[in-house]
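Please read the structure below before turning to the comments.
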Amino acid sequence: MEKLLQFCNINKSFPGVQALSNISFSVKGGSVTALMGENGAGKSTLLKILSGDIHPDDGHVSIDGVPQRFESPYQSIKASVSVIYQERQLVNSMDVMENVFFEDLPQSKLGFISRAELRRRTQEIIDAFGLPIKPNDMVGRLPVAYQQMVEIMKAYRRDSDIIAFDEPTAPLTDKEIEILFKLINQLKARGKIILYVSHRMAEIFKISDEIVVLKDGVFVNSFETAKTNESELVKAMVGRDIGDTYANLKRNENIGGVLLDVKNLVTKDVHDISFQLRRGEVLGFAGLVGAGRTETMRAIFGADPIISGEITIDGKRVHFRSPKDAIAHGIALCPEDRKEQGLVLGRSIRDNVSMPVLSKVRKGPFLNTKSEEKLADAAIKTYSIKTPSSEKEAGELSGGNQQKIILGRWTSDKMDTKILILDEPTKGIDVGTKAEVYQMVCDFAKLGIGVIFISSELTEVINVSDNIVVMQNGRITGTIAREDATEESVLQLAMHN
Amino acid sequence: MTKANKFLRSKHFSLLVLLVLELALFWALSRNHSFLKLNNIRNILNSMVIYTLLAVGGGLVIVAGEIDLSPGYVGTAAGAVMASLLANTGIPWFVVVIICLALGGAFGLLNAVLINELKLQSFIATLATGSFIAGGFAYIVVNGKTLEINNSALELIGTGKIGGFFPYMVIISLAVIIIYGVILAKTKFGRAVYLCGGNREAARLTGISPKAMSYILFANSGILGALAGILYDARLKAGNLTGTNHYVFPAITAAVLGGLSLGGGHGDMLGCFLGLLIISGFNNGLVILGVSPFWQNVASGLLLLLALTLDYFTKRRAKGGRARGKTSTVL
Amino acid sequence: MRTIKKLVSAKEFTLFIVMVAIFILFSAINKNFIAIDNVRNIFNSAFVVGTIAVGMSCLLIAGQLDLSAANTGMMAGVLIALMMAKGIPWVPALLVILVFGAVTGLVNAYLVNVLNFTAFISTLGISTVYGGLALVFTNAQNVSIANKQFWQLGSINVFGVFPLPFFIMVILLIAYGVILYVSRFGRRIYMVGGNPNAARLAGVNPKKVTTILFVNNSVISVIVGSLLAARMHMGSPLALADSDLDAITAAVLGGVSFTGGSGNMAGVFLGIMLLTGFQNGLIVVGLDSYYRVVAKGALLIAALALDFYRERSRQKSMLSAKA
């Protein structure tokens, strides 16, 4: 009998966000179904529900027509479901074989783990993958690409009926991707149900049979891969109104002289980075996740050490030893990971806004709460942050509002921001707010600020930026002006070898 | 939310309720209601002095997201050095005191080096410097004996009273907690401590230096530890082997009871003070009621667990069923 | 060849060399250091900290710790002495004590796993309570034990050399070493400590694992407390003081990572022997007892610093290999 996985009316909300609403679709065995959608469309949430990591508010998953209620990942695994997570779930201090056989180490009758068998069976899997690693290599010492393959081996070993991949190829090189696709095709031939989440169009067309598109937590449509094309998918993912959003942007028309000049920057993650940012320019940084964009910006901001290279601001050579120096020179960084690096979630909006300007809101030796409040209230007003007061804890707001707090922090009138670096500013925020963020970006440029806009969403980075720098594998692979940029040309640079 | 409403939901309010209940209970039970007589209130404050100093220094470290187990041992070492210098050299007493405070600061800096440069966990690093190195140092200095201190100025500080009633030491400890309370609540430095404790990386990316902060806070904790040791020995009129060693854990307990959460970013000196009052008041009350002093340990342990449990349930209610908690990390 | 190379590069090997060097040094200064009586002394003094280190290491590997271990053991000694003073035979008394240990472990696990307290502060709370209760029960006096049969537990020598408590420590070290290395449960301890989320997503329940380990640690502690009471012929409310901190020191010295996920019993054994041998050696060579405390701290910091530099040089060599 052909296997069948069904998602039935699944709803899931997080504080401030409806992550999934009424998702229903089914996936057949012996085929690869790709799951597509922009960041925040709900793909990862759906996989987490499938793996029992989180529970739907409503609705259920059913396998071969039997409704399942996964209380924990354990039950999901028992129901023959394996999910390969984007964030590798490995124990670095253990070896390959133990990670591959993680929860199911082979035991002898006495209850001892039989290492010989463990090694033999792991070697079989490694051979099936054709990789140059050994069963007793320590996982933490393997290159990232191989670590990812170990994560995949873990699911392969379970021989589950349902295997879901969440962006498996991000850290892989072409060679491993080829291996992976060969394996996926083998699994398909054996009648497995395969879900495949990816942002990479080329991959999707190469590996999938069906494509399901989600947008803002809603099921949009499903397509037969053979009968669709890129533009149809993009349209489904982006929605109709998106064209208008960009057309209606009020952009900055007069771009000034060179503000930031980076020459041959080298750090432990990036090589030979050179680019220029002009006054009033929105400079996009495109590329796949892990291309080195964040690392480049952190180095410029003084957050990570620089090995060699020159940074010039307004014609003056600078060298920042810490973010403090960079801030003093008018650089501001809104980090990608708002919760881990941007906000102090347990403190109020006020405290979060005044963070970089504490020296400027003092009265004598003491902080002047009134002027802090003024700053926060201004930010709340300018960015229409939805909150009853500036006293509310940052952690209690939605993602979009949190992003606005960070923007408010760097653009308050006590700040003298000349260069604003926005790292994935629209990640995890809803469409309406995204449009607001785009306009804000253009407004900053109008003030003469040089804006660096990092985004992994091709459409937005192409349409919002004046020029687009494309990075791949720690290097810049090209720079394109907006007028000349197409998704294809940028993607080509982001993935070329 | 009105100000009054907010106060009613605050940690301070629940601490106050706890304190008032405790005071009422002991007042009612004590003979002649002696528990709340001025004399006894003074006794309570007097018994809090050492704990207060250690809780303030250690508490700031906790707010910044680390922990310092060493200040009690550092205090013992500083006291021992003081006794030894006074007995064996002719250095004036105030110079000796300054030397001892500097010694405390040096121990604190050692902690900061181990934590920031060698990346050791603060728990294990301060355990090593404190219980082993500072503790052993104290032994060596006094050669295992108790050294008498004969110094009129220190005796005055240790045992003198304003108007023959209110001890100088209590004034010193209250001044310390108020000054640090103001620093923590009102200055840029204090805010930076909260921000580092709440999110170290975010603080760094807004131009605050968590490393410099860590050095300052550990040095400060060492200095306050040394001050505690100096006052302890001044009161005892002797430097001995164990001094303030065992005052650290109760001080941390009081700080946590007062809302300084391990993990950092929360709590203030008013809460810390209330925590100290609750524990010291409780211990004093048990003495007044004639309960075996041994019950005090039991009670302070139970108080701590009770406070944590209350905290858990308030947070769970506030977060709609999900407590903010950490699993599987040691600190 | 490869195995030899691997052996030499292992953390335990360095530790072993350090230990041998220290032992040779002490023997050179004073031949009595390796005299059979002194070796027995070392074994005897290793027992308390060493045995507690077994249970504590398991907890540390799983990313937890238990600061109530010493006072739980102390409480066990006091309770067993009190029960025997009331005429209860030692066997049922010991059984009650084991139950007491298990319940303590469950309470610790409940506070950490269900109420989400940090282990550091909650086990400290339990420790304070027990410390106080023991004083209350005994009125701060030692409670002597008259039962000669019970004394035997603390003093008979196995094979004529090893005191029973030390023998038990070695057996436990070997048993837990084997469990950690070859059993599924043992490997799960590493998974839970190394990456709790990965463990959870693979269907391993970290809370279940840590609950078992908390109970295990408390039960081991009460066994230590009982044996110590048998050896001292009394239950003392001051027994075992700080031995849990020493156990953590020995474990960390032996390469157990304080953040969880790595370490093994061979290393722990070396850590225990190094710590007790070192301290005993300082006595034998006639150093003031006060210096011993300082030396212990210096040893711990040296071990941790060594580890830091080793890790850093490894990462550097990895980076240069990548480039």
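Labels for the chains are A, B and C, by order of writing; each one numbers its residues from 1.
Keep this in mind: a residue touches a chain if its C-beta (ideal position, glycine included) is under 8 Å from a C-beta of that chain, and two chains touch if they have at least 3 such contacts.
Every value quoted in this text rests on a predicted model; they were computed, and no experiment measured them.
Participant: Which chains are joined by the largest number of contacting C-beta pairs?
Facilitator: B-C
Participant: Taking each chain's centre as the mean of its C-alpha atoms, give the chain farthest from chain C.
Facilitator: It is A.
Participant: Averaged over CA atoms, how far is the centre of chain A from the centre of chain B? Could you give it in whole Å?
Facilitator: From the centre of chain A to the centre of chain B is 44 Å.
Participant: Just give me the whole-number Å value for how far the CA centre of chain B lies from that of chain C.
Facilitator: So the centre of chain B lies 29 Å away from the centre of chain C.
Participant: For chain A, write out the residues touching at least two other chains, lowest number first.
Facilitator: Within chain A, no residue touches at least two other chains.
Participant: Residues of chain B touching 2+ other chains?
Facilitator: none
Participant: What residues in chain C touch two or more of the other chains?
Facilitator: In chain C, no residue touches two or more other chains.
Participant: Which of the residues in chain B end up touching chain C in this complex?
Facilitator: So the residues of chain B touching chain C come out as 67, 114, 118-121, 123-125, 127-129, 131-133, 135-137, 139-140, 143-144, 249-250, 252-253, 256, 262-263, 292, 294-302, 304-305, 308-309, 312, 323, 325-331.
Participant: Within the complex, which stretch of chain C touches chain A?
Facilitator: 182-184, 187-188, 190-191, 194-195, 197-205, 257, 261-262, 318-319, 322
Participant: If you look only at chain A, which of its residues touch chain C in the complex?
Facilitator: Those residues of chain A that touch chain C are 51, 53, 72-74, 76-78, 83, 85, 89-94, 98, 102-103, 105, 107, 111-113, 115, 141, 143, 154, 268.
Participant: Touching chain B in the complex: which residues of chain C?
Facilitator: Spelled out, the residues of chain C in touch with chain B are 62-65, 111-113, 115-122, 124-133, 135-136, 139-140, 192-193, 196, 206-207, 210, 242, 245, 248-249, 252, 258-260, 288-298, 300-301, 304-305, 308.
Participant: Provide the residue numbers of chain B that touch chain A in the complex, in ascending order.
Facilitator: 1, 182, 186-188, 191-192, 194-195, 198-199, 201-209, 265-266
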